[in-house]
Each structure stands twice: as C-alpha cells, then as structure tokens.
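Chain IDs A, B, C and D follow the sequence of writing; residue 1 opens each chain.
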Amino acid sequence: MILQKFLLRLITMAVTLFGVAVVVFIVIRVAPGDPIAMMLPPGAGPEDIARLRALYGLDKSLPHQFLIWLGGVVQGDFGTSISLRQDVLSLVLGRLPATLELATVALLIALIIGGPLAVIGARERGTAVEAGIDVAGGAALSIPDFLWGLVLILLFGVLAPIFEISGRVSPSLDLPFSTQFYLVESILRLRFDLTADLLSHMFMPALALALPLAAIITLLLKQSLKEVMDLDYVVLARVKGFSETQVILREALKNAALPTLTLIGVQFTFLIGGTVIVERLFSYEGLGNMAIDAVINRDLPLIQGIVLVFALIFVLINLAVDLSYALLNPRLRHG
Amino acid sequence: MSWTPNRRHILGYGAAALGATAFGLPVSARAAGEELTIAYNVNLPSWDPTTGPSAVNPTVQGFYQSVFDQFIAQKPDLSFAPGLITEWGWSDDRSKIHMTVREGVTWHDGSPFTAEDVVWSLERAAKAETGNPIQFVWSKVGNFSIDGNRITGDVLSFEPTLFKWMSFLTGYVLPKAYYEKVGAEGFEAAPIGTGPYMVDKFERNAFLRLKANPNYWGGKPAFENVTIKFVTDAASRVAEVESGRSQVTLEIPYEEYDRLIAKDGLAGAATPISDIGMIFLNDIDVMTDRNVRQAAVMSIDKKLLVDRLLRGYGKPIDTLEAPEYAAFDDSIKVPYDPDKARALLAESGYSTDNPVKFKIQTTRGFKPKDYEMIQAIVGMWRKVGIEAEIEVYEIAKHFELRAADQLAPAAFYNWGNAIGDPTTSTGFAMYGPSPHSVWDGQDVIDMINPLWGEADEARRIDGWKAVSKHIAEQAYVIPLIQYVQPIVHAKGVNVVPHISGALLPALMTPA
Amino acid sequence: MDSARITRRSGARLWLAGFWLALVFIAAVAAPLLAPQDPLAQDLLYERLPPFWMNGSESGYPLGTDSLGRDLLSRLIYGARIAVLVAFTAALSACVLGSALGLIAGYYGGWADRIISRIVDIWMAFPPVLFAILLVAVLGTGLHSVIIAIAVIDWTRFCRVVRAETMVQARMDYIENARIAGFGRWRIMLSEVLPNVLPPIVALLSLEMGIAVIVEAILSFVNLSISTDDPTWGGIIAEGRLSIHQAWWILVFPLVTLFLTVLSFSQFGEGLKSRFDPVLR
Amino acid sequence: MNARPSCLSISGLTAILPNGSRVLRSVSLDVKPGEVHALVGESGAGKSMIGKALLGVLPPSVRQVEGSIALEGTELETLGAAARRRLIGARTALIPQDPLTALNPSRRIGPQMSDRLTHILGWPAERARNRIREMLAEVHIREPDRVIAAYPHELSGGMRQRVLIAAAFAAEPRLIVADEPTTALDVTVQKQILRLIADLQRQHGTAILFVTHDLGVVAKISQSVTVLYAGMVVERAPTPALFATPQHAYTRALMAATPRYTDPASSLQPVGSAVLAELALEVQNADNEWKRAHG
C-alpha cells in the first residue's frame, strides 16, 4: 500500500514540474524585450539580428523550441545561458547550495526566535504578554524582508560594523572546499574560523529573511499549542506537579509542532523562492541574485533552469515534510 | 542527484609558473601595499571579452582591461598609445594595413605572445559564428601575412575607425594556443591574458581575486592582490566603503559621494566620462513639428538639473559630442529660453491651457537619477505647455523597441563612446538605417553617407561637426548632460580615473 | 485572565486597526481636499525641506519635501489612493478567483478537485517574488500589471482555505438534506456552503490586502511598479533610500505609513476571525 | 466521628464565571484519611469543578474567589504556586474520566507513568521502573513490558484506564481524585474497574474523593457522601445513613430517579417540580446573602 501511495505521489510531482515548465516557457516568451536585441552593438544590421537569433535557436516555432528544451532537460541538459555563456545546469547547481544554506540558517533563526515566543505566548495566553507577542508578530510581518535588510545594514553594517555587509565569504580566505556547501563543509572539516566568517556574512541576510518567518512560526505554533493545552493529558501532567513551562515542553510541544510542521514546510519553500530581493541587497551570490539578472537580461534558458530547480526543491521539501509527518506521528507510523 | 563538485577555481598554473607560494592571507593582515579591495557596481557575466552581451557593456571593460591587453592601448584621457602592437597604419593607397607586434611579452601561463595570437584574434573576430558583436568592423580586413613581428593585411573595405576599434569594445588579443587547448568552456573557467593582473580566484556574482603579473610589459602594478567585490546595490557599496571593508567604490548617489568624501580617511574623484545622457526623438506624431522639438529642447534648464539633481556633478551638452570627443564643436550652443519655447509652441497652436501631448519613455534606476531627471524635465515642460506622460520600461525593452524603431516620440537613453569618434556617437545614434538610431531624417542620412568612407581625417571631422550643427538647429535629438563618474577611495589609495569610465586597478597606487 | 478580558483586548486592537484603515480610506477618497500641495508639483529650489518641527522647514510642507521638491504629505495621501486601489482590487480579484476554484474543488471533489489541486501545486511551486517580477516584465510596468500579478500569484491562498473549508461543510448533514431536497448544485454551493465559508475568507481577505500593499512596495523597490508620476508608498521608500543620510524623513514617513497600514490589515483580519469564529466568541 | 485529622478539608469554596455567576457556592466537605468520600450530583452540578479547584487545574474561564482547601492540614492558599504544585504532585493523584484522551498520543506508556516518580519525587529510574511493573501487575495487566513500550492507541479503553489507575496509585498518594472514572467506559468494563479501584484503595489505604452522578456507585464504594446541586452542598452524611434516612427532598428525589437493582419493578419518577422550586429558592437566598456580603 505504501509503495502504491509513493508512486502516485511521484506522478503528481512529475505533473507539477511539467506544469511549471510549460507555464514558465510560455510566460517568458511572451515577455517583451528580446534577448538578442540586447546584444546588438552599434552598427549591427538586420542580418546580424537574424544570425544571432539562429545561433540561440530562437528562430524556431514555440512548440518546437519547447520540445527541444524539454528533451534536453530530461537528460539533464538545461541548455546554455545566453548572457553567461555557460551550461545552465552547472550554473544553477553551483549557486543553489548558497541559497539553500541561507534559507536553512534563516529557518533556524526563525525557529530560535519563534519557538520560545510561541511557548511564552501559549503559557501567558489571554494576558497582555500574549497580545504583545501578537502585535510584534504582526509588525514583523508588516515590514517586507528587504526593508528589514535596509535597517540591518544601517545598524550592523555602518553604525556598529559587527557583521559583513556583502558577499558570502571573505574573498581573501583560501577555501579548501570541494563542494558549494561552504557552511556545511566548514563544519565537517572543523574549520570553525571559516564557519565564523561565513556566518558573519550570512547573519544579516538570514535575519532579514527570518523575521517575517519567525512571526509566522510564532503565531501558528502558539495557536496550535493553545489548542493542545486544554486537552486531558496536559491537565493530567499539571496534576502530576509539572510547571506550566515543563508541561508545554514535555507534553504539548510535540503534538502541537506536528500540524505546524506542514505549514512551516510550505513557508520554507516560499522562503527559498523569496530570497531574490535580500540576496540582491546583500550581494549574496545565491540563486535569487542570479535570477534577477536572468530576468533583466531576458536570459530565457537560465530563467527556465532556475524556475524549474526552484520547483524541484518545492516538491522535494513537500515530500520530505509529508514523510516526516508520518514518521513523527506514532499512530501513522504503526498504521 | 549529487551536487557536481565545484571546479577548482584556484588556477593550478598560476602558482606553479610564478613559483609564488599559495598563501592564505589571514583576514585582518591587509597591509596597505599588499591588498586592495574594490566594491564594484556590476557583475562580470563572462570572461570572453569578444562575444556575447558583456562584450558591448562599457561598465565591465575595466575587468577585461585588467586581465587582457588591447591591440592599441588607450590612455586615461582617451588618447591612443602603443599596446600589443607598437606601430600601425594604412598603406598610402589605403589598400593594405600593417602592424608591428610588441616583443618580449608572455601570457599569464608563461607561454610567449607572438604575431600568430594577433592574427588569430583578428580572424576569429571577423568570423560570423564566433558571435562577435563588432564583427562588421573586423570583417573589413583579412588575409594577413606574418613576417617575424610585422603583420600585413588587405583592406577589404575601408573603415577609417578600424584602429580606434582596436582600443575599444572587443578589441582584445586572446591566447591562440591556450584557447584552442581548453576551448570556450575551459577559457571561461580559467581565463589568461597578457594584462597587468592574473585571475587568482573568481566566484560569479561574488568576487574576483586578481594577482599582480610580475612580468607585465607595462611594469608590475602597485598592488599585489586586488579583490573586486560585486556589490550591485548602491547603499551596500556605500556601507562597504564607509565601514572600511572596501577601499574603493564607484557609481554611488552623488549625495552619498559628497557625504563620504567629507569624512576623514576618505577622498574622492569625480571626472566627466565618455558617457552622455540624451533623449531620443522619434520622427512620429507631434515630433515631426520643428517648433515642438525646439521648444522641448529650449525649455530644459540643464544647469538646474545638474546643480539640483546631480549635486553639480555633470556637464550640460548641446550636441552628442562631449568635449573630449574628436568632433566636439563648442561653438554649437542651444540656449535655455522658456519664453522662446512658449512662443514656438504658440506658433503651432499650443499653450499651457492646450498643451502638446506625447509619451516619454525612460528606465528607472539604470543610470543615476535617470527617472528623477525625466520627472524634473516633465515638470519643466509642464510650465511651457508640453504635457509628457512618463512610461518606465526595462533596459531590455528599450533595446527591443529601438531595434524595431517603435520607441515613443521621446525616450531617455545614455550613450557611451570610449573611443570618442563621431561615428560611434552622432553616427550610429542619428544615421537612419542603423538599428540604433530612431530619427530617420533623409537630410541627416545624406550628410552622413560620404563621411563613412572619408579618408582625409580633417575633412571627416569637419563633416561630422557640420552634421552636429544641423542636428542641433533642427533639434532632431535632445542632448542633456555628460555624466561624471563618482569614485570614492580611502586616503591610503590614489586612483587615476579613466574617461572611458573603466575603473582600472592597474592605475591605482598606495598613497 | 478570563475570556471577557481576552475579547476586550482583541477588541481594542480591532478598533485601533479599524481607525487607521478608515483614516487611510478617507485619505484615498478625499485626497484632493486633504493634500496641502499638488503631489506632482516640483520645485527644485524647495528640495529636501525638513518636517515642520525642524528648523529650515516651510509652512506649506508639514512633512517636508523629497529630492525633487515635491510635498511629502501630499504624496503620502495620494499614495494612499493607490495603496487602497491595489489592496482592494488585487485582494478582491485573488479572493474571487481563489474562492470560486476552491468552492468547486471542495464541493465537486473527484477530477475537478484533482485538476484544481494540481494547478494550485504548480502555482505554489513558482518562487513568488520571481514570478511577480516575470509577470510585471510581461505585462509592462503599470498599476494594472501590479494588480494582475498579485491576483495571479495569491489566489492559491484563498483556494486552499476555501477548498478545505468546503470539504468540511459539504460532508455536513445540512448539505446532505439540501441535496435530498433536490436543490441544484449551484444553489447549494452559493446559498448553503458559501455563507459558512465566508468568515475565514473575510479574515484572509483583510490579510491579503496587507500582502498586496507589501508586494507593491517590493515591486517598486525593484523599479518595476507603476511607471507614471503618481506616487506610491513603495516608490517613495525606494527614492528615500538613496538619500537616507541627508533626508531621513523621505524614507521614514512612508515606511511608517506602510507599516501601520499593513499591520492594521492583519490585526483587523485577526479581529474579524475571532469575531466570526463561534469557538472563540 | 473519630478524632483522626481529615485528609482533605474544604470550607466555603466559591468560584465564579467571567460574568460573575457563581459555579461553586461556598462548598465545604471533609475526607478522612483512607476513606472513600463520594461527591454526587447531576451533571453540571459543579462536582468535578471541586476536584479541579483542589488540584489547581481550573479552566481559564473559572476563578476561585473564596474558601480554603487544606490537604492534611496544610492550607493550599498559604503556599506559593510552585510549592502548591509540588505538594499536589507528591501527595495527590487524578484518575481522569476519559482514558482515550488522558494519555499523550505521541509518548509511550512507560515514560508517561514514570515521569512523575523520577522528575517530581526524584526516584532513581530503576526504582521507578520496578514500581510501575508492580502496579501494572496489581491492575491485572499480564505483559507489563509490552504495555510499557506501547503507544496509547495500541491499547483498548479499559486497558488504558487500568494504566491510569496504576499510575495514580504508583506514588502512594494520600488522596486520589477519581473524576467519574467509569462513565466513559462500556458497562461490562465499568464493574471491573470499580472493583479494581476499591481493592487498590483498601490495599493502599488511600483516601479517594470519588466524583460520580451514579448513586449505585456511591452505594457500592463510598463510606461517606456529599450531595451537590448547582454548586451548592445539599446534604452530607455517611453513606448508609444517607440511603437509610435521606434528609433533603432533592436527595430523596434523586434516589427515586435511580433504578433499583434490587427492585426493578419500581417505577422511575423524575425529580418533582416542587422539589426544584424549593431548591431554586435555596440557591436564591444563598446568592443574595453572598452578594450582600460582597457588595
């Protein structure tokens, strides 16, 4: 039964990816701003335009171009980027780890901020403390992440220069890494000096991304905790003599975290998709930063490659969240 | 799907060939003379300076001029000097060209630089399939013959600006042997040239680490290691320099430029560069009426725009030729005269109550204060009876509309021209058939035609000055200002600005 | 901490949020009357005047002027007009589109549900900000494209909520009885299911309006929002950013206005939700 | 009444809802050590509210405004919140009404039984585990180790109630509040559970405050009883005396409404309207008096 459910899930994932491929292919072809026109230097004539269009295969009919591209994608060839003149897949895979690491650090910060606030909010439910947390959460959500970025640059970048302002790592450092997962590798290789440098670069962009997410986690988890707090086994725990905070952490948190897990999973995929502006602001060389250049330069193959990889991450994370939901929930595990 | 391992960006050959020990500099120990960090405003899309969109992007030429050499070098004041070819010229009958190749020069991988490299580079640029955007110029010479370090070739069709192009876009010499060995992809991963700096480490959209080339024919540059951080956001660049993490930056808002150079420890250089802001006029609708065009030009107080919007950093211009250009004629003047503008509009039946209406297109945030300048101009026009509706579009859309000659009656654009030749400024901007021009006036076409092939340089320049005068009188275009490039640097570094707008680390020395 | 106090406190928040939103709405409607100056009138001699309480300020410009000498307060008031327009039209169209599809998917189930859910999946798989930038690049900069972009991206939010809620309602007995009584499908959906699904929709609608205002700010930050001269808060913030050190008020005032408006939308939505939701009342 | 000090003594306990209406109207009752004291009344009479007030787990919307609760002579109001919590945790236990919701679905049975012993009473893990095994045996569970490692959803309702009873008696509490422990179970299991509680009570000598609405259960298990109506004590007496000579009309009406096992033929009369009127009057007077006292 499990295998059959898993197969069905794979099919739906494939359909979703195919749908995304079709939509992005059509949308960017309808977009005005022909990439070839962008490359026209002074003096180029109409025949130059035609020649360049043929060079990049843009002279064929839309469906034909789509089939060629899709045929390539299936074999892992996402085509060549027009502006960066390199294979799209290696470009995208080269930049993806940076965005994944940034998003993960942002998620961790959001959990570190959001978790305790949710517990406190649940414990002090109905009081001014909870109202304060709600308003603070609303406030964090009302300011878009890039404006948080601006504030952070002014605070930690200029007034009290503690953290690095741009880039992902200090260029002068000699990086012994063999993959693009710098942060992970620096920890595995016990090079904590590099880890510190990386985190010093990632802290501000990650915090800018984390604040709205922390607000969402706080509000969702608090709501879920409050629903669990009045259940019988929690009342029983109080009678056993455990303090309110102990009761929340030992009894309520796990059962409350489960339903919020799926929602946080969805928010995490939005987070990855949403790093575009913050990466731009902090010149953090993730996928988002490259995506904006791709759109501005109308680099069609690169845009398609980036969007498809984002979609792939989206379906994979959702799969992971659903699997972990089944694992964590004993009833399903033994079901 | 395992992540493909990252290609080793540290170039093995670099350390081996130079015998320099690969040393990891501790972050803090950045001695003044040793290490220079620049916060640059645009990313470097590709390492091939002769193909693709980046080849025609003036702002990235600084990277290329640090790693590669041009056939003919260009001094900071745009004048020409011997580069990889020390002597060049046409035969008397203009049927042949000859070049003498510099000797004793080596590529960064130690291999010798020879005449083959020059010929191979020229022939490669001339081939259509290479994708060189200036192919139409390079294809005008061919069948080269090499005799030691002297090259001769046939002129297939005379191009007076051929040698000027050798110091401008795509005019770079690439290593024939190395390129053919590693191919395009290999070259992108590990580019080598003959230039003052070698590529030590390159992380796309992140940073570029350059190491001084000890055997550079023009003398080893002052700074041993140069780090160029790609910081596309202006506020972040300001923060980089203000917090001392970078020593040099450029293209920041003029207000911030004033504020930073007032701080102790920071200084600045703001010199006019070969880039002008202008408004294209399209010969459609109301723009066919000369009164409207002249009124539009005369009602713009360019001085006030520069003083107020650009904090005084900029030079009003009346033709598409900047003072440093070959065909500049300061006798051509278009006065700021709003009353005359109202009179002209009245002649055509327009007034503040019954304003002439047209649309003006502009980018927003592509050039400093581009959108604000158009807003200010629309404000000035409103006072004399011109009602212009602003439409913002991306630079990509601008290029497409211009190539298809569908720009609005007025469209703001900036025009770079680092070789200062009239053909690549007034020429391509105003010559009807060129995909870059918008005005298709036959009178301008007839005046320009004979100049393309004019052999006598003096008569050619005078011809172009006449064209500029005619355009100014007929108000076929609205030249606005010559941009000034703001460069902020720590007091410990002195910077020599280049009028082409390229920021060259090789010209920087510790103060 | 009894429940009376809980409702009173959330009530206070509801009133405060409602008051600010009313203020913004009035400013939007009566902009020409309230604005001291013409928001587009420039006077380069009056550029960057400080707010009234600082020296060097001018009487006619209470909150000072921007780098082109335009009155900041008038621009904020006219900016409210666009914010309200974007918030209502974008959020409403997303709501109508999403709720309709959600209703159909939840009620019909089977193939309809599968198709609509797949479309929702595809839409959510797109990175939101990138999709917005792409859409605005396609539609060209302008108010209409900002609104369409927001609606096209955010309808999935409504669709998911309405679908889930409809599924719950559709299984309830009162729907069963209606079906037995021979009511037509559409009548059941509109007259029976919709009223019960309305509370979460209204709360979400208010939240969505706040999000729409934020997306407009993001798009103007990337210079893709509306093109014409008309002031938008996001646009003023983007302009103010460049001269933060010289004229902080050009950035701070629109930022505070945007913040209060979006916060009010979200608190208003929360308040409504607790008002409607029988459990919490 | 012998001279032993009472295990639990509540006097004047009053609690109100947010709108001010009284849920408990100055309730007083005593429970002797080792005694089973029944607390009986119709549902909604506030009987389980008394248990909750004692154990400090009143729902957020109910507030205790008056009265004192003493556990073995210690006034709970005089203790700080933490001290009160530890005292309740050490000296009392709760047998909940619905076993299906009283166990944490995502934790195994063993830790849920032993955490009070190890964390609150500070027992070493070894001693706690043995204690649990013993108790599971006492509640006639054959493979204690399988149950200890199991998750709640793997056990039947009856089994879960046995686990909860075992957990309650494990730490030898002085007082157990049994909040209608059999109501949620089906009839066949109810009798077994009742007998189990009675046996364990005798064996461990624990005082039990037994909340129920079933006079049959009262007769079978309790030594003394308090009858409650609308949060007000109607009558209090030793169980035999209550059944022999019920003093208050409401108690008599209650008994008449309870089917006699011994005499199935007796017809069941609902509580008469006259009795209800009398009760309403009593409640009214009590409220007026309370309002006057508190202005």
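The rule is short, and it goes like this: a residue touches a chain if its C-beta (ideal position, glycine included) is under 8 Å from a C-beta of that chain, and two chains touch if they have at least 3 such contacts.
All figures in this text were calculated on a predicted structure; none of them were measured in a lab.
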Components of the interchain contact network lacking chain B
one piece
Greatest number of touching C-beta pairs links chains A-B
Go ahead and note the Å separation of the Cα centroids belonging to chain A and chain B.
37
Suppose each chain is reduced to the average of its Cα coordinates; what separation in Å results between chain A and chain D?
53
For chain B and chain D, let me know how many angstrom lie between their CA-based centres, rounded off.
88
What is the distance in Å between the mean C-alpha positions of chain A and chain C?
23
So chain C residues touching two or more other chains come to 1-3, 137, 140, 241, 244
Contacts with two or more other chains, residues of chain D listed in rising order:
60
Of all residues in chain B, the ones touching two or more other chains
235, 394, 396-397
So in the complex, which bits of chain C are touching chain A?
1-3, 5-6, 9-10, 13, 118-119, 121-122, 124-130, 133-135, 137-138, 140, 210, 214, 217-218, 221-222, 237, 241, 244, 255, 258-260, 262-263, 266-267, 270
Give the list of chain B residues in touch with chain A in this complex.
3-6, 10, 22-25, 27, 30, 35, 37, 39, 43, 45-46, 48, 51-56, 128-129, 131, 133-137, 169, 184-185, 188, 201, 203-209, 225, 227, 229-233, 235-236, 239-240, 242-245, 394-397, 399-400, 402-404, 424, 427-428, 433-436
Please give the residue numbers of chain C that touch chain B in the complex, ascending.
40-42, 44-45, 47, 67-68, 137, 140-141, 223-224, 227-229, 239, 241-246
Could you list, by residue number, the parts of chain A that touch chain D in their complex?
125-126, 230-233, 235-243, 246, 250-251, 254-255, 258, 328-331, 334
Chain C partner, complex, touching residues on chain B are 234-235, 253, 255-256, 259, 304, 308-309, 364-365, 371-372, 375-376, 378-379, 389-394, 396-397
